[in-house]
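Two complexes, one shared chain (chain A), two partners (chain B, chain C).
Our next item is the complex of A and B:
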């Protein structure tokens, strides 16, 4: 694949990924609005009943108010994540903090009802900055989490451990307790994204664990940045 | 509507807060409601019988709304199913309608629209059951003309098996 093909691939893949994530965010926002709408309607119902002489249940009113406040907060949090995700395409290649990117991507994947719970832990002495394509890296991690969730299921738990045990990069170990989670690994799209990012992927001796070696700087990323004239 | 003619509803949604609130509101409209937060529980509840209309979310962990619609329509011939989802698109609406959903509503949906849709679905259920009962009666009347009592009973059992 030459440089132009790579850029075309990132654009096409990126558009699909952007659409998928935005659809899941809009679903989350619709759910939030539906709860606020129904709770507000319920307050109206209670007010009407009170007008007809029914005693007002103050504890119920308090619960409704609290529920609306919680949902508004949930909405703000969701929009903040959406905003961070939207800005991940601002610069095609830049330095990122892996933990930040990983955490946001896991939260975005969590908007899908089919995604397993994701627990992230870091075992690192210093914070390594990684020169990468943030958007493509998010795409890669998102695809891996979705793939793992297909087997682990929404009740399953995927754990991720990040460590910086080499001088050249970070190590991300993704573990699922469900046998066969990685049977379909790697899909062609996961493989291609990893290749462009210069990430080495392998299954470890533990058959339920996938390992990603994420370099701080890779030749592939430097080449991509040159093509993009950054 | 009063309590004597209440409609039995099965509400299915994985958003528990939404489910609880809408259940409370619908109860004020004298609907009788059983709620479930996932497809598996909804199927178990439906097996107990007695539901007129089911209101089902689309995107749920485990058995999703499309699969649940398929199972409910297969196992409960006269149960009407409404889809209420934040994930509804034109293509899923077409798919659900083809699979027998009475209507597809998008979240957030005005409460009055939901209540109207439930009542319309209930009417269709009654109409379909009435037509079935009428057809059975006509068939039984025709059978009664030339059959022995045992023969009539056998034919009735056969009709029951065929769900006619």
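Our next item is the complex of A and C:
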């Protein structure tokens, strides 16, 4: 794949990924609004009953108020994540904090009702900064989490441990206790994204986990940045 | 036999609970299932019977169209309203083909549910 093919691939893949994430976010926002709408309707019902002489149940009113406040907060949090995700395309190649990117991507994947719970840990203080394509890295991690969730299921738990890989980069270990989680790994799209990002991927048997070696700087990313004339 | 008026199948717990309360305030009975597997168990239980089912498409364990297919195998006559956040036109066509009674985007108007219950009651009495 030459440089132009790589850029075309990133753009086409990126558009599809952007659409998929935005669809899940809009679904989340619609659910939030549906709860607020039903709660508001329920408050109307209580008002109508009070007009007919029924005593007002203050405890129910308080619960409704709290529920609306919680859903509004959930909406703000969702929009904040959407905003961070939208800005991840601002700069095609830049330095990122892996934990930040990983955390946001896990939260975005969490908007899908089929995604397993994701627990993220780092085994050292401070994580090095990585020169990468933030958007493509998000795409790669998102695809991996979706793939793992297909087997682990929505009640499953995927754990991710980030540690140093000598001085050259970070090591991300992704583990699910469900046997066969990685049977379909790697998909061609995961493989291609990892290749462009210069990330080495490997599976281990005991425990069954996927390892990603993420270099602080890779030749592939430097070449990509040159093509993009950064 | 547990005969309820409306079975709500939706993984958004607060939404389902609030809708259920509003249905009950109008004098109807209601029950809730939060995933496809639980819903199919409910429908397959010979002691349970629902007049109307409200089914979300995005469930954690199964897609709604698969749940609809299985419900129709167990109880072909039960009316199922698809209640979705973001169902596509393709979903609408598929649900119609599978025998859905209606395809509605959230939020649903409570009066529409009551009207449908009335329609079903009238159809049964004729």
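The criterion applied here is as follows: the second predicted complex is superposed on the first by the 225 of 230 C-alpha atoms of A that agree within 3 Å, B and C clash if a C-alpha of one lies under 4 Å from a C-alpha of the other, contacts with A are read in each partner's own complex, and residues count from 1 in each chain.
Everything below uses one rule, namely that a contact is a pair of C-beta atoms (placed from the backbone, for glycine too) under 8 Å apart; a residue touches a chain by one contact, two chains touch by 3 or more.
Since the structure is predicted, the reported quantities are computational estimates derived from the model, not experimental observations.
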item: Fit or clash - chain C, chain B, common chain A; value: clash
item: Which superposed partner A:220 touches (first chain B, second chain C, both, neither); value: neither
item: First (chain B), second (chain C), both or neither touched by A:176; value: neither
item: Touching partner for A:33 - first (chain B), second (chain C), both, neither; value: both
item: Doubly contacted residues of chain A, that is, touched by chain B and again by chain C; value: 23, 26-27, 30-31, 33-35, 37-39, 41-42, 45, 49, 67, 71, 113-114, 153-155
item: Parts of chain C lying in touch with chain A, wherever the complex brings them together; value: 11-12, 14-15, 18-19, 21-22, 25, 58-61, 85-86, 106-107, 110
item: Chain B contact footprint on chain A (complex, rising order); value: 23, 26-31, 33-39, 41-42, 45, 49, 67, 71, 113-114, 153-155
item: Complex contact set, residues of chain B against chain A; value: 14-15, 17-18, 21-22, 24-25, 28, 59-62, 64, 86-87, 106-109, 111
item: Partner chain C, residues of chain A touching it in the complex; value: 23, 26-27, 30-31, 33-35, 37-39, 41-42, 45, 49, 67, 71, 113-114, 153-155
